[in-house]
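The same subunit A turns up in both complexes below, where it pairs with subunit B and then with subunit C.
Let's look at the complex of A and B:
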């Protein structure tokens, strides 16, 4: 494939746009990990719930874009909280081993995915054309940027900014940061840990839904859409699990790497590059860019 | 000694009981799954290292054996062994850096490894025939052969777990710090466990190829890896007989629901969550089945 400056810029724009969607999902992973220290693989399920809720609110019930999106965010958030109540909480109360949570989360993911397969069918669905503006802007030198690229970038920045404000300026944000530092001590200091965990899952669910809506605009909607969160998870690991800035940086790196590979090498290699990046990162710097240092010196 | 004789009797019963072709197939599949599950059990159950990518070692074993027998006309037994050793080589390379760290870093790396190997197999068209799969493998996995290998490995594993090395693994699982104070190099013992478990999975993959006559990269995806870990947890972490029972039970359950394939995955997901919520210690906990009869608690 030929190397041109305009392809380079085009792929950088595409990469940033994809990376911003990854960032929304990866931040949800990291948020849960920072409190409960397990990788919540049901996150992909929350995302699919958001996508389908948005689809049905738009098409079946004919609500506007804003109401549909709000409904989708709520649906995902509530699903996340329900999952926490019905599956994770009983396990946490019984054992401190996070493997059980991990396997349960994979189970929840399989359940959600296949609930959609059984009820609405595995066929691919597309959000209605007029949901978002679809214009394409020509930048200099034949580089284009679609309206959905801009919207997903802007929305990602807005939601991540809101999350940052919530975490740094509110009392509950402070509580979450305290719990990320040491959840036991936070509980002893009078923080309602049970409520806090639900809150974290709710926020993670909302972010997953935003990611889900953008993914279903970018690709299309199908029950296995959640499997794309594996990449967001990898982004979170590369940035450092449990670190929110890390999740954003990791996502942008991953989005860029993926799109540059697709543009200059071959689009079949993009997934391979992603997984190789993960393995290489773990070999060189297992805690990721911003992760807590792992002390393991005996 | 008594245990070995019982195992051999079970093996004879499995191998010689007159059955139809379909039941015979289920027994072969059970033996293949049990071999892989025993491997994961050594690593996860007895050494305490979680894995989300052991299907990769099965894929390596399956492809090595298939390519050696079909392309190079090497006889079956050396090819299967070569499959096992191929898995050992890759496990050694990936374990060397990641097993030094505490936490789930091996699990995350193994997830990346599993997907990377699947993608390499898919994209290396000229060598592996890519996602179309590799056909024409000689059907060398007969019932007698599968049962023989399974029983042989089961006897070795049961005795291995009571050997010096087996105790070393359990020590580093129960308390890594104490084990290293006793003079064990815990990193080395974890490496040994990983390498052995990869060998089992490689053999199992090679047997699977010989049973199906056809292998495909998508047979060894993340679902398969999750299933391997889930089966071990279902049987009971730290119980080899539990692992074998669990693996056999899951194989049977999945076969039983083959008619309603739509709901099969839904049931599988529910099963995972229900086991984690209500019986996280699995079928047998950390006891072996004969301890259960005598009411011995460990």
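Let's look at the complex of A and C:
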């Protein structure tokens, strides 16, 4: 029994740690969805930009962790704003059909991915060993928690908390919540909606970069790393697309489900369980836990 | 002589091949209430949306106090126009307080904003009671009051209303129109678009009658109320 209980706790810790990284990505997804009503699949690309920016700032230019991470966050945020400006805005001005935005976002994702393949190569890179503290803490009963688990959990909580503060306490946060409800009417309030959309993409890009950096630490860095956002997307759908608390809850559920499956059944069954969860959710409650509107979700 | 506050010159709007508005002109003087009446599809809402920069105009110009009006939505609001949209369009997941606060988005002076809360509560006391409630829980009449209050929080020179009587009980419509009169007496000019021609004519000083995108008649509201054509077509009474 000792083995099972400690495995349970171990996998719960691992699941929360993984889920917190998913949450950072899923919240960015949901934020964009709540305003523009399309799933931005280029989000994975933003994440990769963040990862590589951090890698090169650390290794090539030799900056410290703080400056490198800040630079990565900015790089990702700016990429997101430029994507919106060059790929989405021209479409938005011509048609209200959001399906075209979805297709464009897939295109952007492919472009970003292959830009890295062509320029820096497809080979796997790892962030330097000393990027983050690497200690492992022994908890009771043989359960361990690595320093990077703790850092990613804490960072996720901090960034999600900051986002919550921004949305609930600031003038632009209120404007974003109003726009999520009715973007046309938001314009009637004297809100510069074009700027608001850029702001939302910037914030989503920053969150993607944080997720990207922690994914590169946990796994490694390669141009297709962004494909992991499929998981964050599923988490956002389970939680209810467009709902930020939903995205967090969905992410934690997904992280736990993956790690518990890996711990008690088999590592190879992880994705099977994840996609089964998605199918079950769509059958029982298509709007997700916190989603309200049951319209076409694209 | 009274000052011209808003002027629309030869406004034309096309939706594809359909002419929604052809060469419509309108003037609004300072302290005036002007209404635009007409049947469904006459181009009333198109005119409002064009004025607020939400619909692109094919021809014509808008002037506010003599200078051309911006075509950008948020700049128009900042220059002093504030619209109560058709169907109220309040932000239902936000509280009443947040709805009012967002109305004042483009303003900086906190003291003035605080005074305006009090002004709006004096017009619609129910909003003060409901302040912490989600706007979606309000009744239709209360939502309309909130929509008007929200528009006033922008401290507009001109308050624009698109079908404020839509879907409301007659007693509530009368209440709201009474408050609109008070708002006007406190110095806000009003431009009103209404299918409810009688209410609109009773409230406004002057009126324009639109028919399929063209001006049919204009004049003092009290004259239009007695006009036999208008009576027959819009007021539902034969002369």
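Before moving on, here are some points about what is shown:
FYI, the second predicted complex is superposed on the first by the 290 of 298 C-alpha atoms of A that agree within 3 Å, B and C clash if a C-alpha of one lies under 4 Å from a C-alpha of the other, contacts with A are read in each partner's own complex, and residues count from 1 in each chain.
One rule holds for everything that comes next: a contact is a pair of C-beta atoms (placed from the backbone, for glycine too) under 8 Å apart; a residue touches a chain by one contact, two chains touch by 3 or more.
Only a predicted model underlies this, so the values are computations on that prediction, with no experimental measurement involved.
After overlaying the two complexes on the shared chain, residue contacts for A:171 are found with subunit C alone; subunit B is out of touch. By the touch criterion stated above, A:93 is placed in contact with neither subunit B nor subunit C.
In the superposition on chain A, A:108 makes contact with subunit B only, while subunit C stays out of contact range. Looking at the shared chain after the overlay, A:39 reaches subunit B, while subunit C stays out of its contact range. In the superposition on chain A, A:181 makes contact with subunit C only, while subunit B stays out of contact range. A count of residues in subunit A touched by subunit B and by subunit C gives the higher number to B. When both complexes are overlaid on chain A, the residue A:190 reaches subunit C alone and has no touch with subunit B. Within the complex, the subunit A residues that touch subunit B are 39, 86-87, 90-91, 94-95, 97-104, 106-111, 113-115, 117-118, 230, 234, 237, 268-269, 271-272, 275-276, 278-279, 282-283, 286, 294, 296, 298. Interface residues of subunit C, counted against subunit A in their complex, comprise 52, 54, 73-74, 77-78, 82-83, 85, 89, 91-94, 98, 101-103, 105-106, 150, 154.
The part of subunit B that touches subunit A in the complex is made up of residues 50, 94, 97-98, 100-105, 107-109, 111-113, 115-116, 119-120, 123, 176-177, 180, 186, 222, 226, 229-230, 233, 262-263, 265-266, 268-273, 276-277, 280.
The part of subunit A that touches subunit C in the complex is made up of residues 171, 174-175, 177-178, 181-182, 184-193.
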